[in-house]
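Both complexes shown next keep chain A, but they swap its partner, so chain B is in the first and chain C is in the second.
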Partner chain A sequence: MIRAELEGKVLSLISQLSTLKAHELRREQRLREDLGMDSVSSMELLSMVAEELDLDISVEDAAGITTVGGTLELVAQHYERSA
Partner chain B sequence: MSVCILGANGFIGTNLVRVLAARGADFRCVRRKTSNVLALRQLKAKLVAGDLDDPESLVRAFTGHEVVIHAAGHYPRSSLRPRESTALALRQTQHALDAAARAKVKRLVFVSTMATVAARPGGLSDERHRHAGAPGFGTYHDLKWEMETLVANEARFETVVVCPGACLGPDDWRIGTQALLLALARGIDPPHPDGTINTVDVRDVALALATIADLSGPPRRLLIASENLSLHAMLAALCDRYRVPKISPPISADAARAIADAEERAVDGTPRRAALAREIVDLVVHGVAVDATLSRRVLGLRYRSLHESLDAFDAWARRMGLLNPPPVPETHP
Partner chain C sequence: MLASASAAAKAPEPDSVVAALCESVDRFCARHVRAQEIDAAGRIPLVVIEGLAALGVFGATLPAEHGGGDLGLVGAAELIETLARHDRSVATTVGLHLGLGTRALVEHGSAEQHARYLPSLASGETIAAFATTEPAAGSDLSAIGTTLTEEGDLLRLRGQKAFVTNGGLACLFTVAARTKTSAGAAATTLVLVERGDKGVVQLGEERKLGLRGSSTTGFVFEDVALPRERVLGALGSGQAQLDRVLAWGRLLMSAGCVGTAQAALDRALRYTAERRQFGKRLDEQPVVRMLTDGMRARVAAMRAMVRAAAATDGETLARLSASAKVFCSESAWRVGDTALQLHGGSGYIEDTGLALLLRDARVTRIFEGANEVLLTQLGLLELSQRTTFAERTAGAVHELARRVEAHRQRLHEEQGVRVVRDKLALYRLGQAVILRDAALAAERTADPDLARAFANDALRDAVLHLGEWP
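On to the complex of A and B.
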């Protein structure tokens, strides 16, 4: 999967749990303050991404993610590692 | 013994999965579509789709298992809508019970709460002491009493009600019970009432549940608690541990309820949670000292000390970035 396709998939999943549509999402947006998520839903997001893409994302890694860009970077790193 | 777990991704559930996995037990975890299953995936737990609002999915998930451990009883995020919350809690509990009956489950272990334990005048309460009716202290207490009653009256299969105290330890993603602790550790002086709390290490609750699943002829109700403490005395003693200034004295029960109610109204409809939750106020103000000798004896448990639980909580909270790393001790040449 090319990077743009991967990011599109992740943004689509983020939009399912946030108040914004995928095309309205920006890398600098914060999951909690800007997208209306809480600590639980932001973890649920990473869990959905991990399942959808079959990635072994650890709880520790997921806990450190606070922005849309951070989510995209983490997923890209894991995806490249698993490819 | 084959076990199916509801609430496996929660605070108690995740610790239960660790215990069952370490024992090499045969178990499966029910998960909703949106459940955070990162920890369960790391533990290589078997997952099966199911939802407390979808009875058929529960029947499918339970089928083939002798024991269901139900650690997913409704926890109201707010006390503002008691009727709706209680109706939802009872409906979901009934779904689980009916599904267990249809799936021919032999035993359902239900995780309840100390909120259902009644005070014993002049002494410690034990498994025999239960409120005669919904106690009327608040939404959480009443709803939990109604749920426990429904389970206790179940006659189609064996039920065991487990009442854990205030759980401390790792994997508390929702930061419920430990919210006051985390606030204190971060240097916040949290307004709090005083009263009795029954602390217990979440890993001991997990051990208790795993043991009950296998136990021949367990008691119908068990209290799981390590120490009876005054909340204020515990928080005051922890100031040194976290190297924070001494906390203010406790506020009255009425003042605490007023703060909690105002916070609930302020966060209603948002993803934010009240800094001082109403159910925590009620649990503390109406807390009773308990004697958990029966669970120690029947389950062969040695409950961990408060400090063992706090060490585990601190280590986990630091790994997750919820607490700063401990200060490096100064060295002198």
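On to the complex of A and C.
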């Protein structure tokens, strides 16, 4: 999968847990303050991503993610490692 | 007397200040608070509210510059425990005012908001309430449908709230409403609403299983126009504020559970020392002794846990207050039930007071976050941190902490972040976590014999929750 396609998938999952549409999401947006997610839903996001893309992401790594950009980076790193 | 505590604003309040306040509250309650009468009448007599107000109880945690006593959580918890030993409706009315009702205002309010509201809240002339729950949004606060929208210079509040404690008494409400973040996503905002605001409609008193002296009502907000100055902090910043306010609310509620459990234990000890069957006192029966010893150990662990949590701040307070809330509410129920059992048939009769104590305690397992929901969150939190306790402990506490850590490690290895959606695994881990937290707290501050006895019980229960056998 090319990077843009990967990011598209992740953004679509984020938009499922936020009230914003995928095209309204920006890298610098914070999951909590800007997207209105709480700590549980931001972890659930990473869990959904791991399941959807079959990635081995640890809970600690997921807990450290605070922004849309951070989510995209973490997923890209794991995806490259697993490819 | 309370004003003298102001010098210790940020440092822990001197024990003597808290002890003196609790002593006078205890004396006042012994003379004026009649739990059975409050239950039967469905309200707290005005003389009790006014008497507690005169003692400075309603301002205990509010800033000294506005007439409060500046007590922190440790002192406030002791105060609520004292009140709950006499009557849980009184403790709930005060605890809600000091915790959920005023905390967001104290911590996030502007100087103007403080000057407008705090003096009458501190004197007890105004009682505070807190409204997040709605008919369709209870455990799931992301479903809040009450909206706060911008209309020129004003804000417009529309929606309905359910189960508002102090609803029939309060004149100031901290209301959670749905707004948008600067990015345009749905967010939560806390806003102050006055009883007199046009369009604020109070619904009737709920009829409840217990806590009948504590007022619980719904509210409808019919296009209420509010000045922008009513918002606490910035529009959309309510989620983080809620986390902190809930930590205070949960801990004060836990302290109330300690009071309930202590009252149940005291009665059980008194009764089993007097009642004779089979030619001896009940407390001479080994089984009865085992039950009262277990109650003693549990009450000591509850108190230790509340104190340990109250002395923390930030994320640790958020976590430990949730842990204490679940442990203390479940334990108050368990200790109250054992006390009733040891009273035999008379325990079941209302005149003995044990039935009231249990009826009052029941709701604490539901409100301020249903225990099942909090246990699942506590399991998740445990997984997202690396903290290890086992190496710093010994005996049964060590074994309990070690098992929690080993279980956590296994879940990590087997599922990674996918475990976040395995709610059953999180719930079971949460059950073991609260027992570990309580045993750790007891080991640090409770009587060593009681702490050891509790740790052995807790280890046994935790092993069952984790689905392992020793």
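Here is the rule we use: the second predicted complex is superposed on the first by the 83 of 83 C-alpha atoms of A that agree within 3 Å, B and C clash if a C-alpha of one lies under 4 Å from a C-alpha of the other, contacts with A are read in each partner's own complex, and residues count from 1 in each chain.
Just so we're on the same page, contacts are C-beta pairs under 8 Å (C-beta built on N, C-alpha and C of every residue); 3 or more make two chains touch, one makes a residue touch a chain.
Bear in mind that the values here come from a model prediction, so they are computed numbers and not experimental data.
A.B. asks: In the superposed model built on chain A, check whether chain B and chain C fit or clash.
C.D. replies: Once chain A is superposed (C-alpha atoms), there is a clash between chain B and chain C.
A.B. asks: Return first, second, both or neither, reflecting whether A:E73 touches chain B, chain C, both chains, or no partner chain.
C.D. replies: neither
A.B. asks: Counting residues of chain A touched by each partner, does chain B or chain C come out ahead?
C.D. replies: C
A.B. asks: So, does A:S18 touch the first partner chain B, the second partner chain C, both, or neither?
C.D. replies: After superposing on A, A:S18 lies in contact with chain C but is clear of chain B.
A.B. asks: In the superposed arrangement, does A:Q29 touch chain B (first), chain C (second), both or neither?
C.D. replies: second
A.B. asks: Give one of first, second, both or neither to describe whether A:E52 is in contact with chain B, with chain C, with both, or with none.
C.D. replies: Touch status of A:E52: no partner.
A.B. asks: Pick one for A:D38: touches chain B only (first), chain C only (second), both, or neither.
C.D. replies: both
A.B. asks: So which chain C segment collides with chain B once the two are superposed: 96-104, 150-158, 222-230 or 276-284?
C.D. replies: 96-104
A.B. asks: Per the definitions at the top, what is the overlap between the chain A residues touching chain B and those touching chain C?
C.D. replies: 32, 36, 38, 40-41, 43-44, 46-48, 50-51, 56-60, 62-63
A.B. asks: Residues of chain A touching chain C in their complex?
C.D. replies: Residue positions touching the partner: 18-20, 24, 26, 29, 32-36, 38, 40-41, 43-44, 46-48, 50-51, 56-63.
A.B. asks: In the complex formed with chain A, which residues of chain C make contact?
C.D. replies: It is residues 142, 181-188, 236-237, 239-240, 377, 380, 383-386, 412, 416-421 of chain C that touch chain A.
A.B. asks: Can you list the residues on chain B that touch chain A in the complex?
C.D. replies: Contact set of chain B toward chain A: 34-39, 41-42, 173-175, 270-273, 319-322.
A.B. asks: Where on chain A does chain B make contact in their complex?
C.D. replies: The touching residues are 17, 32, 36-41, 43-44, 46-48, 50-51, 56-60, 62-64.
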